[in-house]
Each structure stands twice: as structure tokens, then as C-alpha cells.
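Per-chain numbering from 1; labels A, B, C, D and E assigned in written order.
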Amino acid sequence: MTVMNFVYGFIILLAAFIFQTTITGFNRKVTARIQKRYGPRWYQQFLDIFKALRKSSITHGWIFDFGVIMALGGIMATVIFIPVAGFEAFPNMDNVYIISYLLAIGMLGMAMSAAGSGNPWASIGVSRALTNMLAYDIPLMIVIFTLIFAFDTASVSEIAAMQQGMGILGWNAIRMPLGGIVAFIALFGMLGKKPFDSFIAPAEIASGPMVEYGGKHLGFMFILHELMTFIEVSLILNLFFGGGSSILVYAIKYAILYTLVNIISQVMPRYKIDQAVKFFYRVPLVFAIIQGLVVIFLGWGVSVWF
Amino acid sequence: MNNPVLLIIIPLLLAFVSVIIKKAGKWILLLGVLINTVLAFFITTGETIIGGFLPPAGINLVVTQFTLVGVILINSLMLLTIIMSIDLVGKYSVILLTALAGINGMLLTGDLFNLFIFMEITVIAAYILSAQAKKYHHTITYLIIGSVGSTFYLLGIILLYHLTGSLNMADVAAKLPLLTTKELLVPILLIFIGIGVEVKLLPVSGWVKGVYAHANRLIAPLFASIIAGTALFVFGKLFVSVLPLSDTLTMLILVMSVMTFVFGEFAAFKQKQVKEILLFSSIGQAGLITALFISGLVYAAVILIISNVVSKLIMFTIAGAFTEKYQTDNYHSLSGVFVHNKITGIAFTIAALSMTGIPLLIGFYAKLNILIGFFHAGNYVLPVIVLLMTIVEGAYIIKLLLALWAPGKEGQVSLESFAVEKKQLLSVKNTAICLIVALVLIVGGTLIDTTSKIVTNGQPLLGDESPYFIISQSKGGE
Amino acid sequence: MTFITVLITLLALSVVTYLVSLINNKLGAYFTIVTSLVTLLLLFLLKNSIGQLASISLFTFKLTTVGWYFSMVMVVVYFTSAFLNPFWMKKMIYPAAYNLFYLVSLIGTIGMFFARDFITLFIFWETVVWTSTFIIQMGKSRKSSYVYYVVSAIGSMVTLFAMMLVYQVSGTLEISVAFNALTGQPVLALIVFFTFLLAGLSKIGIFPFHVWLPMAHGSAPHTFSPVLSGGLVKMGAFIAYISVSAFAAYEAFSSSFTIMGIPAPIYIIMVLGAISIVVGTVMAIRQDDAKKLLAYSSVANGGYILIGILLFDQLAFAGGMLHLVSHAIASATAFITIAIVAHRTGTTKMSKLGGMIHKMPITYTVYLIAIISMAGIPPMGGFVSKWLILQGLADHGLLFIAAAAFFGSIGSFMYVFRPLSAVFLGQLAPKHENVKEASIMMQIPMYLLTIATLLIGVFPKIILKVIAGIQAEAGIQEIVMVGNTIVVANGVLDTFRVFVVFGYGFLIALVIFILRRKSRRVTLMDTYTSAEFVHTPELLHYSSNFYAPFERLTKKPYPVLNLYEKVSIKIKEIGHMAESLFSSPKPAVTIFWIIIVFAIFFLGGVL
Amino acid sequence: MMNSMNNIMKQVDDVLNVLNKEVISNRQFAIDINKGDVHQALTYLKSIGFTQLSIITCVDLIADNKFQLIYILNNWELGLFVIVRTDIDRDNPSYVTVVNIFPGAKYYEREVHEFFGVTFEGNDSSFKPLLLEIWDDIPPLRKDFDPQVYSDRKFEKRDSDKIYRSKIGGVKL
Amino acid sequence: MVLENQDNRNLWEKIGDYFSANSIWMKWYCTGCGAIELPPTMTSRFDMERLGMGPMATPRQADVMLITGYLSTKTLRRVIYSYEQMQDPKYIVAFGSCTINGGVYYDSYATINQLDKYIPVDLYIAGCMPRPEAVMNAFADLISMIKKGQANGWRHYQENYEWYKKNQLDSLEEVIIHDEFHE
């Protein structure tokens, strides 16, 4: 651990934020076009975030502030651990469990702060978000478990590296097609995209956990959301879609993956939370288990392509 | 060193004396029991002939290590019972002395017919005692069943006499193996049923509930530990050393004993009255003990008898006190009764825990020996039953204890104010005795080597060679 | 210093405590703290004499690393929970007995962990069972105590069967030697394995035996719940350890059918562990009583520990053993905080609480750290152990068990968050306006345990060194630490670095936060209510039916809960039948039976 | 349908002391009855299937110096409505509650009290405000209430067509 | 339209106003009939998002509150409550003649006549009701006002809080109601 590690970490943070916010802005335009609208400017998301940071804010007690800081801190730490096209701020720290559990500290912080506001909508939103997490995470974790078993490593960058060199056929999503499908569906859940967005339903529970945030807290939440999106998409990208051999390839793949998710989600209705759980336990979970059994007992898709 | 006949003669003599001096009845009784107890400690193993005729023709008393344990145990318990309930003895002193003579006779005699006589003496005394509760209906029941049992026993020995020409136990034991199992079937069966009534084996123990459930703090322990203990010792003596059992018969008796055990424990699990719990538990334990005797595990059986009768003495005394002070022995109406009588409660708890076989109490030692013995005999089914029943037993005992110790509704923290009204259950003297007896259970269970030395005196009981547990075994090869 | 000296000292101290308690029970409660502290120190000193043999009366002991490890965990939990004892003396019906049993059960656990022979093991085991049974009944439920005893008795009696069976076969009671006699007798080994393990399973609350846990933990005196959950449950893990180490289950079943390299009997038990993870998690999510919730979480975490220990390898075993500590500490902390809340407010029902953070910030922080650990989120202790277990499972490819582990781990976010939100966050009810923070005396254990959780999370090396010692003792591959980094075959984990980077991220966020304009403080009631005026805090507090959609999904009751009840009713029915058949007041009935018996016997004898 | 209504009307006519009856549509008819017979009427109507009290309302008949109380009942099985009307004194507007017949009347009576000032004996909650959160004048739906005056008194009017912003504290922005 | 044009903002405030102007989140308070004009304004015909505007769920998050029609005393209380929950800087756009002078409800006993007595209105849109074109035009005006630093209603409200409070209390007697249904 040298100072340079931290500097690199900061660079990753900054780059991730700018990159993802741009992509989000771009996707707002894509969404608008799908809805036959003109759409906002591509940098609208930046304007929104900075505007939110600029406004005055209220607090409901120290936990309201602390939770937000803890959430952003945890998420930032997670971003620093994400390997991007072979570049890691802290080498050997890209263990998939560390990333997925460190992500949870951000969520916990946010949930804590939201519940600390004393607003029931916030608590309902949190309860839905956690239930949603229980739904999508298990199929996903089973598939990731299969990957770890197959490649005998839990390092995200190593798994990404092992998929490269064979073109598209090397991707885990292709080698383990069912697992790829599960991961792709789980990505919707992770990102809170439709049909799995009932925990922030604006008209029903007044945007759930975000209900009491205004001003800088809301700005923090937006930054957090961008970074979290970066983590989640990167994780799926690295694990299932081959990561990227260079930053450029990585960025392009990333953009395509995220835009794809966004486009699909735009034509989806919304699941109730228990329907979401049922769905995830009916289809992706079964896929994940079949994929796991295939890999563990038959060994298909591990070392060679067929 | 001294003559075991005294154990029978002295109570009888004193019984006559107390008929004459009615006023001093209870002191004479106390004196008699005291003398008997002291004497019991000083008798030695051997054979005593009464009346000059040599056995097999004459009457003799046989003192083996097995008998010795029984005599000491039963006399001591009798003494404790009498001391504890000296205020209740009153007009029963004659009967009690007679019963004591009968009991000692049953334990000591080496003659089958004498056994019948002593048994009758004891049982008739018991009929009278059972009438104390003024529930004559139950006494009649007991009387009828007891008489039928005695008749069966008498028939059995008549047939044996017909077959062997002798009634001396040693003589009979020597001659019986020469006979065929079919010839022996009926006499053994008759004797078994006759003894079975007193031992409380299940289908023939219908009298127990009525008699025990209404007995007071004197009668209840007398029945539950003293007469029951005696009956068990006699059962052991007859069925281990005298009567040879064919395999089928062993099997049948074993099944019956185990059924008694299981049904007894199950029935106890169901009860709500303290005395009924205890009496069904006694039935169950009797079943287990007979099963042990039949399987030849004499040592384990003796330890279990000790554990059981001592525990039951304490528990029945206290249960008797419940009805005496609170007019009920339903444990729901007695909730928190031990809050005010902590020492009594501790004695009761220790006795109860010993009964369920909690480590460091003698009941556990018994259980350990049972398991070791059964496993040694290659029997893997009975240990399972024993352990399962231990769970059932533990369940009802803990339910009882919790109710008696912790008052308050479910969902409330129990407080002293929820308990039943404050009354002193036992006098200081009785409390002290209960506690001391309870301590004996602990000491006996902890100093295992001493216990085993006292019980066996270094020789197998009734020829029981199966292994039993002593401390040095646990230390491996250290 | 010999172990016997320690044991006798402790026994003497507990008797002294009892006598003091008779005079002044509060002083006696302070004695429990002192005694458990003395125990802690003495045990610490005993570390140097590992390998010592000792015996007294019928007990024999051997000081082993694993025993030392287990008893240290236990004593830490006992010591820290003892700080609460003085505050509950008023609420106990038998305060002096409570103090005595508290210490005796501690001694019982220590004796059990160092036992060299079965009898010692069993006697100390039963001592703990009975003392804790009597303690639990001082709480608010007698039934829980009853159920606790019955389930424990099932376990211990079946285990006694196994012990005696082994003794019969081997002729020795010494644990480390006796099991050797089973080699080459697979059927016997199978029976012994399952029966011996049963006590452990019932104690750790594995699936069909978990019913007692929520009842007992939920209604035991608040001061004893931390001990039950953090401490006594772990006795089961010790039995599991014996069954894989001394019993050498892997060798005994080496010829049997294997699943992913795990012999089928062990796999079955592991599946039970997995089921209890799922059941514990689902039930924990559904609870309204905070203590019951934590109790069900103990069921789930017991599953992790069992799976970890049963895998008996370099990775998952270390994980299981570490989880034992981290869960013991986390769950003791959580129970202590809930106990303090209950002490101040008088309830543990989450739907009746709320907003405690504004009154008890320290308690809140402590609880927060405990649940972060319990949910397995870095940088707390629980993460390292879960990481090891998950890596171990991935190493073996145990898919279904891993699926349950994932379910438990994500589900734990749900159930740990619920008390956090419903008890500490949200609206403060007016009736709790005057609630005070925990007193200094109560804060001490919270600080100690929190520091421990953090230490384990950041420097797991401290514990993993000991675990490596245990692994060496058991003859399996030791866990490898390079500096602060845990290095295993399929991954590395540097917890210190995770902690530092988390701190770095937190710092950046903090700087941005401070740079922006200061926020205005508003009251809790000033929240978005769709512009409607609400003046009742209770109405704005979301705490009952917290996970309503999830509860809807899992509404169907599962049958095992009633199993014991059904068995009990059946026993009563049979008992009733026996009573009515054989205990009739009519002598004619008895005579009828005599004839029947005679007939059966006669026929049996003749045939 | 008409038949069943006619039947009911006939039945009602037979049993109750109906002053006047009026068919409003083929599913609805109205009866005027004496002030004292209302409870009997409602009880009877409830017993023959008019189980739902749809509303209680009031008409200010200021010319007659009367309030007309109107009870609309609904028969779900036949799909019929009956309107029970009765007049009460306007100067001392007081009537007896029907809460014991239709518990839901509690809130309707409250509303009538709020808007017309009719008090209902036996319904203590009828004195509490229901819809108007704060009210400080005579009940607003009485004919002698002048909303213009009230509005002028309470709500400031814009006085100029030139001003775009309001004057704040007398300072012109 | 604008009465005074003094610009004494510093650089940071100007930058801040630039952000505020280009990202306006609205909470539209559907009190009256005008709410129905907003869906077309938001959706593809007029696409409000072009201007960086969008709907938000709660007043905490919103920048602008749209009062879409008449306000009864009951709703006015809620509007004030919501307005005070919003974060600075915040703007109010009032729709239609009812908010200006009471419109057809000029003599109602329950409807207020002049909204800006009670809360500061930055922009009125005349009409009954204003069409989406007018609404869009108003939003464009609002943006330019914010950019120039002229949409200062929230500041007036802070500075003249007593005056506003007095007016509110004169008409409403009590803003935050305590009664049977709110306790």
C-alpha cells in the first residue's frame, strides 16, 4: 500500500463517476427517443447532481447524515476495488465476495439513513429493496459460485482475463449460456431497472428510500447511484462478458451492456415485490442451479469451449 | 455376628408390647425400628436355621449380600419414615411393627412358604394402612387383588412342592433345573403373577392408583418405597436365583416388564396430580427393575431400586405434605409452592433429578450401569427404550418442577407474588431429614467406587457377573 | 497451575458468590463479573499448559487447543454478559440461585470442553443443560424452559447411547482413543456418528431441533439470552468438532458413497445445516420480537458453523471456527443491546419501539457494528468467517449448500436491518421520551465486544493463529496467513487493506459532505406525509409487518414446528389409554387382566 | 321492477303514516312523514330490506321557516331507493339521532350539523367539526348565510389590474 | 414584467443558478383542474425534459411547485406545509385565474382569492386553463428568470416571513391543523 495506490483509487473513482454519469445522460436520451421525445441534454445528469448538491438541505439527526456518508464511503471503496480492463488500484483485492459484500455496506448505510428520517415510506422502500436483493442475489451468487468453482479463483480480474483471447466465444455468458442469462436478468434487479423497480416507485411510495432527501443528501444519493451502477455493470461485464482488454474496449462494451439493459427495461411494466421474488426463484434460480450442476458435474464450459 | 432372626422377632415382640401399652405405642414403634435398623447394619452374610430342623426340611434365614443391601436399605428407610411422620403414627404402631417384621421376613427368609407367610403379614398390614385414607372402596379393591395374588402365589408353591418335594429356596433352585420347562410353566407363572401384584407390574396393578393417590405423608412413602422396595428385592431373589426361566418365559416377562415401564412412564406424563405422577412413575420404574432382573443385571437393578426408593421416599413425603397443607396435589394449583419452602424444594428437586438420571446423582449411576449391562449382554433395543423413557420421564419431571418452583402465567416473568399462599410444608425436622436423604443421593452418585463397594462388598450379587461402572474405568490406562 | 486447581477455585468462587448473593444479591451479581473475569484470566494462563492431563474423582481432563479456544469464547461471552446481571437482580425470583447457576453453567462448559472421557463430557454437558434450564424458567416463559429441556434431553440421551455403544465396542471411555475401535465397522460407525452428533445438533439448533432456540432465547432472562446464543449454542459445535476429529468421520466413511468428495452421512448433516440456515433466515425475517429474531438468526448461523466445521479442511473449517467466535461476539452484543433497550423501555417487541437512537446513541452504534458483523459485511468479524466458508464451499463445489449459505447471507441483511430500523430508527414514541442511555456499567461489555468485533474483522490473524493450532492438532492443513493477508487456494483476503480503503472512501465522502452547506435540523415529525398533517409519531413508524410481501410469500406454516407437540399429545393419549385400561378402580378388571396374562403366558410357555 | 316498487310503496303506505308520497323515477320514490314517525319508518324500512343508509342531508326551506331532513335508503336486493323526508323547526333546529338504527349515520349527522346547524340529540359526536377545519360563522349552507360577505371578510381581494406582484409590507418591488 | 433588475450575485451563486435553471424538478400540486394540462406538457408532444424538467415525488426533492388551479382553505394549508418542506432555492408557478384573483370562485366561502398573499409566487400563467404551450412558455420564462437571479420568491418568503404568516393566519386561523383526524 503506497500513496500511489490511493491516487490510482481516486482516479478510478473520478473516471467511474464521469463515465457512468455521461452514460446515464446518454441513456436518458435513448429513453426519450424510445418514447418519441427529444430528451434532455447529454450532460443533464451532471446538472442534476450539481444542482442537488447546491441546494440547501435538512437533516433528521446524526444518523441521517452519517448513513449517507457511510453509504457513499462504502460504495467508493468498492469502486476502488473494481478492476477495469486489467487496471487495479489495489492489486489482489478484487475478490468477488469482497466486492459484493462491500457493496452491501453502502446499501446498509443508505437504508439506515433513510429509516433514520422517520418517514414510513423510506422504511417501506428499504424493506422492498432488501427483499428485492434477496430475490436477485441468490441466482446471481450461485452462478458466480459456479464461476469460482470452475476457474478456481475468486478474483474478478483473473476471471475476466481467462475469458479473453477467444473473442466472443470466450465469454462466460456464451460458455455458460444459462448463467449468462441469469446474470443479465439479475443485472436488472441490481440496477433497480424495470420490472424490478418497485422499491423506488415514485407515485406509490414517493420514491421509497429517497423520500426525505433533498439538497446535498440527494446529490450524494445520485453520485452513489451512479457509482453503484458502475460497480454492478462492471461486475457483470468482467465476470460474464469478458471484461475488456483495453480501456476503450471496456468502455464500449460497458456502454452497450448498460444501454441494452436500459432499452429493455423501458418497455417493461413493474413487478410487485413478491412477484419479483417469485419470478427470480422460478426462472433464474432454476437456470442458475442447472448451470451450476452442468459445470460442476459435467465440466462443460470450464476449460475449453465445448 | 448377630442373629438375623432378631430382625423379625423384635418387631413382633414389640408389637405385642405395644398392644398392651397403647399409650406409648409410637415410642415403642420408634424403638423397634431403631433397634432393627442398628441391627441391620451388624448382620453378616450366612445362613441361620430356625427351629432346629436342617434345611431343606427346616426353616432358615439366608443372608446374602443382596439381602443385606435390601435389609439395611428398607430398615433405614422405615426408620426415616417413622421419624418423619411420628405425629401420624398413632394407632398404627402395632400394624407398622408387624409390617416391619413381615418385611424383614420377606427379605431374609430362605423358604418359599415362609415367604408367603411373611408376605401375607405384610400385605394384611398394608390393607389396614391403606384404609387410613377412608377410601374403603380402594382398600377393598386392593384387598381383592392382593388376595388373588397371594392365592396365586400359594398355588404356585404348592405345585412346586409337588414337583420338587421341597420349599427351601436353595433346595428348590438346585432341583428345578432337572425338570422340564413345561412342568415348571404353571408354578412359575402363578408365582410371577402373585409377586407381580405387589411389584405393581402393569396389568395387575389396578389397585395402585386408588391406594397411592389418597395416601398421606406416612402411608405414601411406606407403600411407595418400603413395601415396593421389598417386593422388588423379593422378585429379584426369586427370579434370579431360584426359579429358572425358559427363553420364552423370559421373553414374555421381559415384554411385560417393558410394557409396564413404557405405559407407566406414558401414563405419568399425562397426569396432573403430583402423587399420580409419582405413582405411575413408580409403576414404570418397577417395570424397568423387573426387566433388569430378568435380564440378569442384578447390580444395575439394585442401584436403581436404591435410587428409586430413596427418591420416592422424599417425593412422596413432600407430596403427602401438599395434600395435607393445601388440600390438593394438582401441580397447577400448587404453582410456586417451593418459593416459600426452598429447602424442601431443593430436596424434592434433587430426588426428582435423581429419578430422571441426572449426572452426579445416584439415578445417573443406575442408568449408566443399565446401559453398560445391556450393551454387554448384546441387547441394543432396551437401552434405546430406556433412554427414550428417560426423555419422557425428564419431560414430566421438569414440567412438575417448573410448576412448583416458578409461579406466574406463561409470558410473564415469574414473581413471588404469583405463588400460592405461604405455608410451611414440612417441619424443620422433616425438612432436615429430606435434605440429608437427598444429600445421600448426591454422595452415592458422586463417590461411585464407594457406592459400588458398599453394595457389592466385592462379590457379585446373586451371581451377576455383568460389568458395572467404577471410576477407574473412566481413566483409561492412566 | 493445574486445571484441577482452576476448576476447584472456580467452584469455590461460585459457592462464595452464592453465599454473598444470599445476603445481598446485587453484590453477588458483581461477584459473577469478578468470577468470570478470574476464569478468563486463569484460562488465559492455562494456554501455556496445553497438553496437560488432569483428573479428579471420576473426571478426567485433557487440555487441548480446541478446548481452550472454545472455552475462551464461552468465558468472554459469560464475562461480558455478567455486567448486566446486577441490573436484573430485582426482576429475578431466585437471584442467588441465578448467580450460582450462571457460574456453574460456565464451569460446566469449561469442564465439557476439556473433557477427556465421555463420562466427564456427558456430566458437564448435563450440568450445563440443567443449570440453564433452571435459569431460563426465571424469564417470562416456563414452557420455553420445558421445551428447551426436552430437546436437550433428546440430544443428550441419544448421545449417551452413542457413548456407551462406543464404550462397549472399545472398552475405553477416552474420547481420543475410543472411536478407533469403530474402524472397519461401517454400520456401527454410521449409528454412532448420527447418534453422537445428535446432542450437538440439538444444542446448536439444527433444523428439526431448532424449535427450542427461539422459545428459550426469546423468553430467557434478558441477561442470559446473550449467553445462550453467544455461548451455549456453541457447545453443539464442539460435539460436531469431536465427530470429525476424534471420530474421524472422513476416514470412517471413506468407503461410503460420496457427494463432491464428502461422504454421504456428513453430507446429510451438512444439508440439515443448510436447511436450518434457510429456515432460520426465513423465520427470523418474520419475527416481531427482537429477541426471537436474533434467536432465529442463531439457528441460521449455527448452520454456517456446522457446515464449516464438518467440512474439516483448511478453509471452511477455519471459517466455521472463526464464525463461531464472530457470531458469538456479535450475537452476544446484539442480545445485550436488546436487553438494555428492554431494561429501559420494558419491551422487546419491535412494533412497540422506535427512535431509540435519539435516546441511546451508543447502544445503537454498538448494535450497528454487531449486525454488520452478523450479516457478514466487511470490515467486521463476520465477513472474514463467511468469506472463508464461502470460499471453502466453492472449493468443494457444494452447490446446494452454497445456495443456502447465500440465502442466509442475503437474508441476514433483511433480518438484522429490521430491529435496526424498527427499534432504533424511525419515530420516537412520546412514551419513550424519557428513556435514558445505558449506564456506564452496561456500556463496558458493549465497548469490549465491539472492539473485539472490529479487531477480528481487521486483524483476523489473532484468531486464525489459534485456529491454525487447532488444525495442526487435528491433523489437517493449516490456514495460511501472509502478513495480514489470508491466502487460500482460490482467493486472497487482506482485511486490513479493505478496512483502510473503506476508511479512505469514507473520508472522501466526509470531505464532500463537510464542504457543502450545513443542513438545517428538523424534527422527526417534519417528514413528507403527502402534505397531510400527522401529529402521532406511532402512526408514522413503520415497524409491524416490516417485510409484508416476503411474509405473504412464506405464509404457509411448516410442519416440523408442531411435530413435538404432536408427539407429546400422542404420548399423553397412550398414557391415558394405559391408565384407563389397567388402573381401573374395579378389581374385576385386574382379575380379568390376570387371566389374560396367565393365558398368554401359558400359551406362550406351552408353545 | 315497477311492480316491486309499487308493492313496496303500498306496503309502506299501509304500515306507516305517510303524509305524501312521490314517485321520482322507476327505482326511486319519496315519502313525507311526520317528524315523530321517522324512527319507526326507518326501522320498518330497514326490516324490509332497505339496509343501507345512503345519506342524510338537509334542505333549508327558509320561506316556510323549516329544515327538511332527508334520509335516503337503499335496498340492494331490489335496487330501490326510498327518500324519507321530514320537516323540523328552523328556529330551534334539533332532532333525534338515528345512530341506533344506522350506526353509519354518525358522520352524516355530523355533516348536517356542520353545514346547517341541526343538532341531533343522542349523537354527541355530531357537535364536532367534520369537513370544515375551522369555522367561525353561521353554518354555511343556510340560506341566510352570505358567502360574498364572508369571502370579503376573510380573503383579501386583488385591488388593481396593474400589479403583477403583491405588495409586501408596503414596499413596492 | 420584471420590476427590478439588480444583480448582486457572486460567481458561485451564478454557477449555482445556472445549474438550478437547467435542472428544475417539479412537484405539481394537483389541486385544481389545471393538472390535466401537465401530462401533455411532459410527454412526447411538448417534452418538458428538454428543459431539464421532470416530475419528482416529494417536496424535499423538488425545486418548483406548480399550483394548478383554485385553492380552498383546506388545500392552502397543505400547500403551505409542503412549500415549507421544500429546499431552497424553490419556486412557485401558479396556474390560471383562480390563483390570481379567485376566478369563478371569487365569492366562495371556502376558496381563497389571491395566492401571493400567502406564499410567494414567482410566475403566474394566465388563462382558464392555460394550454400546454402557455405552460412551456412559462417554464422558459422561469428558466431565464432563474438564470438572471430574479426568481427570488423563496428569499422574499424568508425575509417577510411574518407578513406572510400574518396573512395566512388571517385567512386560515391555523395552518397546521390539530383536530380529531390529525392527532
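Here is the rule we go by: a contact is a pair of C-beta atoms (placed from the backbone, for glycine too) under 8 Å apart; a residue touches a chain by one contact, two chains touch by 3 or more.
Note that the coordinates shown come from a computational prediction; the quantities given were computed from them, not determined experimentally.
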Enter the minimum step count from subunit B to subunit E; a value of 1 means the two chains touch. 2
Which chains sit in contact with both members of the pair subunit D and subunit E? none
After masking subunit C, report the chain groups that remain joined by touching. A, D, E | B
From subunit A, the most remote chain by mean C-alpha position: B
Looking only at C-beta pairs that count as contacts, which pair of chains has more of them, B-C or A-E? B-C
Could you name the chain whose CA centroid falls nearest to the centroid of all protein CA atoms? C
Note: subunit D sits from subunit B at a C-alpha centroid distance in Å of 88
Taking each chain's centre as the mean of its CA atoms, subunit A sits from subunit C at a distance in Å of 35
How far is the middle of subunit C from the middle of subunit E, if each middle is the mean of its Cα atoms, in Å? 58
Shared-contact residues (touching 2 or more other chains) in subunit A: 56-58, 206, 211-212, 215
Could you say which residues in subunit E touch two or more other chains, in rising order? 58-60, 77, 177
Touching two or more other chains - residues of subunit C: 526, 528
Okay, what are all the chain pairs that touch? A-C, A-E, B-C, C-E, D-E
Under the stated contact criterion, what part of subunit A meets subunit E in this complex? 28, 32, 35-41, 44, 47-48, 50-51, 54-58, 202-203, 206-207, 210-215, 218
Subunit C residues within the subunit B interface of the complex: 53, 55, 57-60, 91, 93-94, 116-120, 122-123, 126-127, 130, 133-134, 137-143, 145-146, 149-150, 153-154, 157-158, 160-161, 164-165, 167-168, 172-174, 177, 219, 221, 568, 571-572, 574-576, 578-579, 581-587, 589-591, 593-594, 596-598, 600-602, 604-607
In the complex, subunit C touches subunit A at residues 260, 355, 357-358, 361, 364, 368, 372, 375-378, 383, 386-387, 390-391, 393-395, 397, 399-400, 402-403, 406-407, 410-411, 413-414, 417, 420-421, 425-427, 485, 489-494, 497-498, 500-510, 512-513, 516-517, 519-530, 537, 540-543, 546-550, 552-553
With touch defined as at the start, can you tell me which subunit B residues reach subunit C in the complex? 137-138, 140-141, 144-145, 148, 152, 181-182, 185-186, 189, 192-193, 202-210, 246, 248-249, 251-252, 256, 263-271, 280, 339, 353, 358-360, 364, 367-368, 371-372, 375-376, 380, 383-384, 387-388, 390-392, 394-395, 398-399, 402-403, 405-408, 410-416, 446-448, 469, 471, 473-478
Interfacial residue positions of subunit A with respect to subunit C in the complex: 1, 6, 9-10, 13, 53, 56-63, 65, 68-70, 72-81, 90, 92-93, 95, 97-98, 101-102, 104-105, 107-108, 111-112, 115-121, 123-124, 126-128, 130-131, 133-134, 137-138, 141-142, 145-146, 148-149, 152-155, 206, 211-212, 215-217, 219-220, 272-274, 277-278, 289, 292-293, 296
